[in-house]
Amino acid sequence: MHEIIENYDLDRISIATLGSHSALQILHGAKLEGFTTVLIVERRRLWFYNQFRHLIDHTLVVDSWREVVSKNIMNRLRSMNSILIPHGSFVEYVGLDRAESMEIPMFGLRGLLRIEADQRRKMKFLADAGIKIPKEYSINNVVPPVIVKFPGAKGGKGYFIANSIEDVKKGIERAIKQGIIQNPDEALIQEYIVGVPAYYHFFYSPVLDRLELLGADIRYESNVDGLKRLPAEISKYINPSFVVVGNIPLVLRESLLPKIMDYGLKFVRKSKEDLPPGIIGPFCLESIIREDCEIIVFEFSGRIVAGTNIYVMGSPYSWLYWDEPMSTGRRIAREIRMAIDRGILDLILT
Amino acid sequence: MHEIIENYDLDRISIATLGSHSALQILHGAKLEGFTTVLIVERRRLWFYNQFRHLIDHTLVVDSWREVVSKNIMNRLRSMNSILIPHGSFVEYVGLDRAESMEIPMFGLRGLLRIEADQRRKMKFLADAGIKIPKEYSINNVVPPVIVKFPGAKGGKGYFIANSIEDVKKGIERAIKQGIIQNPDEALIQEYIVGVPAYYHFFYSPVLDRLELLGADIRYESNVDGLKRLPAEISKYINPSFVVVGNIPLVLRESLLPKIMDYGLKFVRKSKEDLPPGIIGPFCLESIIREDCEIIVFEFSGRIVAGTNIYVMGSPYSWLYWDEPMSTGRRIAREIRMAIDRGILDLILT
Amino acid sequence: MHEIIENYDLDRISIATLGSHSALQILHGAKLEGFTTVLIVERRRLWFYNQFRHLIDHTLVVDSWREVVSKNIMNRLRSMNSILIPHGSFVEYVGLDRAESMEIPMFGLRGLLRIEADQRRKMKFLADAGIKIPKEYSINNVVPPVIVKFPGAKGGKGYFIANSIEDVKKGIERAIKQGIIQNPDEALIQEYIVGVPAYYHFFYSPVLDRLELLGADIRYESNVDGLKRLPAEISKYINPSFVVVGNIPLVLRESLLPKIMDYGLKFVRKSKEDLPPGIIGPFCLESIIREDCEIIVFEFSGRIVAGTNIYVMGSPYSWLYWDEPMSTGRRIAREIRMAIDRGILDLILT
């Protein structure tokens, strides 16, 4: 990777991403920081991104996401001195193996991809960092209520909440029948934390050696966030589902921020220990806040999350640091700009 | 109308609206674009709008909304070279016939008012445009759950959700007794779409020939959004109601935006076909997003909606286009400004 | 107090607050208005506020909040020409008696602290101002549903909703057993208003003699806002709790704003009558909006509330007045700046 970067023309760096998830925010931020932008986009979505052509200097059209790693695309990206910004849909689209071995500089910690892809390693990473996580139960040792997750499933598909061992077993059998999992061991049975969900958007800057809290959000999920508007005698016949379709802004009680920041710093520290050089740029901790104000983290994302799309003009937190409209997308571009200016670009690319 | 506009002094155009709904946003936007502003306001609310007198150059006080169309008000508006900005409460206050025949240039598609006033024509317009809508049932052909609406009723009054044919019939009888409707045929029985509500704020610019997505929101409704905070054993005795009292910001999952933009473009196209010159400026599609990410539109508004009041400083979407605080109210004024500068003002007025 | 202010160097005024609640917002706003900032902070939280050291010129570290009123801290604050900004956690941390007698100029109406600390005087203040409040019931005269509150309890602790006299009595007995109250008379039994919560952030400017509406929010409460995401057969076993952990942005239907503004003005008027010079700066009215659009206020706060933390970059309402990113924290600093410039600083300090 160092070799590729050494051959780059630092005056003509471009920022590239895939057309989905938080691409508009990333492109917008890159333009504000004066970069050339490149969008890799599926043919069927090209018309949509063309509505925002003022944000996009070059489009690389693919017929399927697998093409992203083709020699042709890689060559073109390198010829444009591109830095790739992976986002939350990146591994899903490209595939883990391909993502890991792409011969293009990425902004972010590539080594984290494999941990993220494995629900159990992920939880262990958090616990080892010193962050509180839900208890995990084996199927013979369930203390209800629990939430049962299927690590392979996309977007919360098939997740269910159960209040008894029988319901857990029934639900897992159903998931096997539906082909969501092959055998019961794949199911992750977690303590159901009673409280409210909250997601924290962090940005670790290697250039400034500073962890910034850039925002927080609540997810808006279909159909569960609609069911609560239905009379109980109707909603009881409908199974709740947890497909994220949007995000709602949130600020936290200030007395919770030290705990949140502490978790963020622990995450940074652990990533430096286990996966040097450690996390670079955006990551997200996904939590439940209990009524006793304890925060339990049930998931993380090692890159930009869709909740940051709320804050294209900056968040209540980013304004505390920057006093200009600083989205996470723009913050990424700013970090790259600062690294170029200081001659330390290779510090923030993997 | 062309005659009126021809007699206008284009250097002294003023922007006028009615004191309610999104008036503050419209006036604020007009001032930012350098226009003189005119507020038509009921006497009883004058004191309130006087709190914002820095946004208002002239007030025309009426004792009741019916006066809005009086010769006196019309003459004064024309003498101030006024363009009227109709908003979501406009037809409600002024009445459909009067609104259609007002002899003052309006920003927006006047011809759409009559379609909007008729729930069934409205749904047909959407369906014919190629936008997915809920199924409509006749009373003898109900597949529950359904939502029953009374087109004449204001703000969702009397709407109810039913899980059986008996409940539909009982509810309609109750509505007749309460005088909400006269006969059962007035009731609109729609498939109840299970999912989450989401409202999209569009702006079609004839000057730029561009459809902009300017924001999205969720409505905050009394009492339904409070009931869900009550224990079931108490809430079950209370009938949910759906009176909109506010709006909450929302961003959408980026992979939903192509579908949303497609619906917006279809709406523009259909309006151009059926009602040339077609939609001008703001409109809103009101939808449910199902757990399979399908979007079903159950309502539209052909003008500025109150949800845009969230984004006086711009929205996560408007910043993608404008990089300055661009509310829908300001966007209207900007469109008028651009049309004046290009000598094509009559293109955007009806 | 006048004496202290007379000895202050008006060219070197600093703004001081306690490290919690809305301190970051207050410090950020003070810096934007060119003030030196002082943070009084518990030793255990110093590391956290050091993450924001660009906002803080001086830190005064205490081992416990009681030290805030120590001679040492008071002397140091006065030597830095400090104006103290009390926030929602101020009395909770410092204690009512100490807060009232602190020998340091405060921005805000010190005389209101004692009324705020007494739930019954508080409700009487609102009612006497002409603001609608919930009915209060004696234990022998309950019309359910009711909400039962324990004035001494922090953050809604122990509050419960009851649908029968028996449940009220049982709940109060339980609270006595748990030591939340000593005798039944301490319990405040209020009519449970069915509707949706909404909180309004006001700012009364003595300098401009103007009441500004600076924002609105909804509280995000653990666990009640999570319970609604659980299937009824699970949530029914869990007692709802109402611990505020965050805030969500809200705009109001514009036709509700005259009522809200009227309440705000009534609050200002009453405070001037009862406690001259009357309210100074931020206050908050906390309400339920019923389905008939009537607004019932069940609580107020006489200083900056945490909900304003949403609007560090300004709110949809503050932009109507200021056209620059004007948080409540910055608005406080701006008021102090204007008062200094006009030589009327003593008008806004108590």
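Going in written order, the chains are labelled A, B and C, and every chain counts its residues from 1.
One rule holds in what follows: contacts are C-beta pairs under 8 Å (C-beta built on N, C-alpha and C of every residue); 3 or more make two chains touch, one makes a residue touch a chain.
Please read all numbers here as calculations on a predicted model, not as lab measurements.
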- Please decide if copies subunit B and subunit C contact each other with the same set of residue positions, more than half shared, or with different positions, and reply same or different. different
- Query: What rotation angle, rounded to the nearest 5 degrees, superposes the C-alpha atoms of subunit A onto those of its identical copy subunit B?
  - Reply: 120
- Centre distance in Å when subunit B and subunit C are each reduced to the mean of their C-alpha atoms: 35
- Query: Which residues does subunit C have that touch at least 2 chains other than itself?
  - Reply: 225, 228, 232, 248-249, 313, 325
- Flag every residue of subunit B that touches subunit A in the complex, lowest number first. 145, 161, 163, 192, 194-198, 210-211, 216, 218, 224-225, 228, 232, 235-236, 240, 248-258, 261-262, 288-293, 313-314, 316-317, 319-321, 323, 325
- Touch list for subunit B against partner subunit C, complex: 20-25, 28, 32, 45, 47-48, 51-52, 54-55, 89, 220-223, 225-234, 237-238, 241, 243-249, 306, 309-313, 325
